[in-house]
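Paired with subunit B in one complex and with subunit C in the other, subunit A is shared by the two complexes that follow.
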Partner chain A sequence: MTPSRFRPYLLASPAIVLLLGFFLAPMLQLGRVSLYDGGGRSGFGIGGGGFYKPNTWTFQAYRTLAGETYFREVWTFTVLLGLGVACITLLIAYPLSLFIHRLPPRAKALALTAVVLPKLANVLVLIYGLELLLSNSGPVNGLLVGLGAVSEPVAFFHNLPGVLIGETYLILPYAVLALVASLDRIDPALVPAARGLGAGPLRVFWRVTLPLSAPGIALAAMLSLIWALGAFTGPVLLGSPQELTLAVEVQRQTFENLNWPRGAATAVLMLVTLAACLVLYQVPARFLRRRGGAP
Partner chain B sequence: MRRRLSVSRLTGNIFGLGTLLLLLWPLAYAVWISFTPSELLEPPRGELSLRWYRRFFNSPQWTAGVWNSLEVAGLAVAGSLIGGTGLAVAVTRHHFRGRRLLSGAVMLPLFVPSVVLGMGLLPWVRFLGFWGSLWSLGAGHALWSLPVVFLVVRSALEELDPALEEAARGLGASPFLTFRRVTLPLIMPAVLSGAAMGFVLSLNEFMIALFLATPDTETLPKVIWPNLRYTLTPLVAAASCVTMLLTLAGLALTSSLLRMERFVDRLLSRGK
Partner chain C sequence: MATNDVLRLEGLTRSFGHNAPAVNQVDLRLEAGSLFCLLGPSGCGKSTLLRLVGGYLAPDAGRVFLADVDVNDMPLERRNIGMVFQNYALFPHLTARANVAFGLEARGVPRSERRQRVDAMLDRVGLSSTERERRPRELSGGQQQRVALARALVIQPKLLLLDEPLANLDRQLREQMRLELKEILRTTGVTALLVTHDQEEALSLADRVGVMLGGRLLQTDAPRVLYNHPRTPFVAGFLGLANLLRVADAVGDMLHLEGGLSLRGKGTKDNRVMIRPEKFLLGPAAERCPTRWTGRVINTLFLGAQQMLQVAVTPAVTVRACCRPGEAGDGDEVTLGIPDDAVWIVPGEDV
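So, the complex of A and B:
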């Protein structure tokens, strides 16, 4: 038998191998590739020569990105889109979670299933369903035209509203799950107690429910932001070339431009942006948590 | 006062129900349109047709996608079950150096955008020389399901009464026998639900597949992708329904396994 001192390491070894071999190593490799020279349509990608010059060390890829207005625009758009999607998601998810939270147990289970169900389906399937729904001949436009609200079909995709709708739709379930969990943790006796002490329903919501669900709001906002910053499917399938995000840019540099150093450098900058957002995010999150912790 | 309250309740309810229906609508609409007899993307008028499903199952590219997806999901589930369960046991039952570090590190893949992971895995897997094998995809997908299995199994282990394991050890069972005969049966529901989640995650994962799949190892989402981008036919709707069916089959299988286990349990306890 193995001595018990080594047993925990033996038990953890498959996970350690997986994490080192397929998470840490690829992340290091990503950094390494971003420091290669070369690549690009005109150079090394064509003819099977490779996607970068081996054995080179250079900051060329980063320098190019830093000097480009194109990249700055993509970066700005990604961050703004992330913030926008996170805000819209919260605005829809909070009332929805409140609704689900107040349902009787069986209806609540059903409602939560309805929220999770789209997540069991493929992202592509969902986007496809949205496309069918929002297309010029689809039911939404049919309804709008039929009601006389608009004279001709509204274009809902290949533009910014399409991207916003798509990404919000993809992220909403996570936010709802986090929010419902935090609303359920609130002591159910507090609301009737506040009402008994003479507070109106709005005041109860404002002074009891909202502050106590603040940690959930913070978590939901963080999850939404992380997911929205990595937006790929929405912008590609529902957006136009104007709605380029960093994730799309990474994929395009790798597979269309065959410039791996540039793709890798973009991915590294994406990670840095994400980390910076999470750090900056601690400021409002701490405020929210403190409000949530206050009696 | 009372009337205003009920009005606000009512708007809340309408909003809630409406949003839930909206969430489900794209799925339902894709299912409906997959039965269209028409060449175009329009809902079936009158009769339903299975022509797009026939097209799906007659195309070697699509059926190969189904098998690849299932194989990759199998690999990912196996990897994350072994890794996640082992780590959960190590963390809850042992004190060792690096315990907290590992419990944190295992969550990290969830916080990295999948496109970044894909971009890192591509050169790494090419460097290792198994680019274009289903193993590389399975390992990539296992990274997502590993934290899920770990969390579910760990919370099951933490809720377990430690006296049960101590009793088994006290009666002379080896650590392995204790785990096999006492711990594992008790945490089986958690292990199976972790497996189900891993299966669903892998089956529907798309970003890693986009980076790592080659024409020989295309998973179903990877086959759907160009069709969705360039040619919109009801075939994609049929393919979507097949992926949903596979997902539901996976979930049904695990839940029936759970029920069967409970059934065997009852039989055994009655025999005594």
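So, the complex of A and C:
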């Protein structure tokens, strides 16, 4: 290898070392752990209890998961929750992004800062803040009861709505950033051009703004789905035991049930689900690129 | 009062922020079927004026009348004005055909009629049938220009606005498109208002030209009148090349100019005298002229059909004069003859 061909690798070496050492190696380790036989007693577990039987190779963990209604239910719930959160996020984020996109430059910068600001706070602080807001004696219920909209305080958490609210709240900033960026990329002359041709505001939106922001919508949907598939804090802190996601299941199998192969196999299947989503995303993304919107 | 005017502007004014008005007290009338060209340097307010007419901007003061109807409060989608944007503003996600069909769709024209009218218009602007199915990014600049023109014309607008329509094309294509544009506009009979900073474009395309400077219309006239009889020094200098000399003193029908030159003509002190370079006569013809200046050629430019000379007629004054190539060379002593009709006294001042 000549020096000039070697140089790019040299420049990238810190990143390569980091990726190999702290990403690829743990991933391989995760895969290996999922192939151990579970329930061993001679491992290095605390108090003599084993996490797995060393020096074993078996698909036992995967076979168990595949044959189990329980796991299928957790998987299905996670995917449905992900899709639901992605839909709700988009429904809220798109009008908000449209609003921010149309603001004058200074107000736009302020609005985007306000959207991203919650991301600077610790996620636990955010969740507990939400709990305070949505609790039986909190301001939201206070308002609802005060207005006479409901007679009893609404239970906003330790149930499915709680999980949806929490996850949407956590994901919204990413979706808004992706959508505002794609709206800002649209040539600002196109909307007046369409109106000059006789199209009213509604037709301009359906025929110009919406199709041209479609790549942004796809990206925002993808980000939301990926994020929601890994939902952990929301279900744990705002859900009930019914709202069990794959991420929570991994944690429970690994640290509560002490069945490392099963936890690892669950994690691997979660990654496979995410990868499948990424592949499926390529289909609409390619279609949209062909339709001529900004990539 | 009914008139034949497609467009009438009365005291149109618009400023941005606290700056001087970009468009200042502009009055204008456009007769049906005419091609009017707004000409001016960049920043003179010509594009702003176009956007005010189209309804893309609201005026601070003044009125816009379309066929005698006040349209100040009419939203732009109801004005029925076609616009060709400088960057064309084609919809990137739609094919050329769908771009052209957009305005008809918005008007609820049925599909079969729509298709027929779109094809007829694309025939007229000369876009091939394979190009019609392409998206803007797959088309060349000239083809995009044709699509933009077809899109603006297919809605049969009362008025067509063109914002620097040829500025984005390279020189050769620009000349060809200029001819085609003139032909298309003439055959459709549409009334058009065109904005350009290219004086050649304005003179060759328009029936009438308005020269703008600092938000004001300095002069509005037919191209020949504008070229031969400019009313202000700026108009004289902006259209073509002009020798402008200040009148130092006027005695009887003799004008004494700065630098000790004089010629026959009527004017007053501080008027500007304009002589176009091609109006000077050289050689034997010069001897028959009432006024003759002699000077030394200090520079020559060969321009193909003719040659441009820089002649120092006094130590302080150089003028530009045209001659046949090879008629004079660097360092030659030449006599410039000035026929009476070559002299134009610029009557006004730039505001």
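Heads up, the rule we're going with is that the second predicted complex is superposed on the first by the 265 of 295 C-alpha atoms of A that agree within 3 Å, B and C clash if a C-alpha of one lies under 4 Å from a C-alpha of the other, contacts with A are read in each partner's own complex, and residues count from 1 in each chain.
Following the convention adopted for this analysis, contacts are C-beta pairs under 8 Å (C-beta built on N, C-alpha and C of every residue); 3 or more make two chains touch, one makes a residue touch a chain.
Note that the structure is predicted; figures quoted are calculated from it, not measured.
J.: Put subunit B and subunit C onto subunit A via the superposition and say whether they clash or fit.
T.: Once both complexes are aligned on subunit A, subunit B and subunit C fit side by side.
J.: So in the superposed three-chain picture, is A:Ala155 touching just subunit B, just subunit C, both, or none of them (first/second/both/neither)?
T.: In the superposition, A:Ala155 contacts neither subunit B nor subunit C.
J.: Check the residue A:Leu274 against both partner chains and state whether it touches subunit B (first), subunit C (second), both, or neither.
T.: Touch partner of A:Leu274: subunit B, not subunit C.
J.: Give one of first, second, both or neither to describe whether A:Ala181 is in contact with subunit B, with subunit C, with both, or with none.
T.: neither
J.: Just to be sure I read the superposition right, which of the two partners does A:Leu83 touch: subunit B = first, subunit C = second, or both, or neither?
T.: neither
J.: For A:Leu210 in the superposed arrangement: first (subunit B), second (subunit C), both or neither?
T.: A:Leu210: touches no partner chain.
J.: Between subunit B (first) and subunit C (second), which, if any, makes contact with A:Asn122: first, second, both or neither?
T.: first
J.: Going by the contact rule set out at the top, does A:Leu144 touch subunit B (first), subunit C (second), both, or neither?
T.: After superposition on chain A, A:Leu144 lies in contact with neither partner.
J.: For the superposed three-chain arrangement, provide the angle subunit B-subunit A-subunit C between C-alpha centres, rounded in steps of 10 degrees.
T.: About 80 degrees between subunit B and subunit C, seen from subunit A.
J.: Could you figure out whether subunit B or subunit C reaches more residues of subunit A?
T.: Of subunit B and subunit C, the partner in contact with more residues of subunit A is B.
J.: Once superposed, minimum distance in angstrom between C-alpha atoms of subunit B and those of subunit C?
T.: Once the two complexes are overlaid, subunit B and subunit C approach no closer than 8 Å between C-alpha atoms.
J.: Of all the subunit A residues, which ones make contact with subunit B and with subunit C?
T.: Correct list for subunit A: 200.
J.: Could you please specify the touching residues of subunit B with respect to subunit A in the complex?
T.: 1, 5, 8, 12-13, 15-17, 19-20, 23-30, 33, 41-42, 79-80, 82-84, 86-87, 89-91, 93-96, 99, 102, 105-106, 108-109, 111-117, 119-125, 127, 139-140, 142-143, 146, 150, 174-175, 200, 203-204, 206-207, 210-211, 220-221, 224-225, 228-229, 232, 236-237, 240, 243-244, 247-248, 251
J.: Which residues, counting only subunit A, touch subunit B once they are in their complex?
T.: Answer in residue numbers: 1, 7-9, 11-19, 21-23, 25-27, 29-30, 32-33, 92, 95-96, 98-100, 111, 114-115, 117-118, 120-133, 135, 137, 139, 169, 172-173, 200-201, 226, 229-230, 232-233, 236-237, 247, 250-251, 254, 260, 263-264, 267, 270-271, 274.
J.: What does subunit C use to touch subunit A in their complex?
T.: Within the complex, subunit C contacts subunit A at residues 54-56, 75-83, 85, 87, 89, 91-94, 102-103, 105-107, 135-137, 151-152, 155.
J.: Sort out for me which residues of subunit A touch subunit C in the complex.
T.: Listed in rising order, the residues of subunit A that touch subunit C are 187, 189-190, 192-200, 203, 207-208, 211-212, 291-294.
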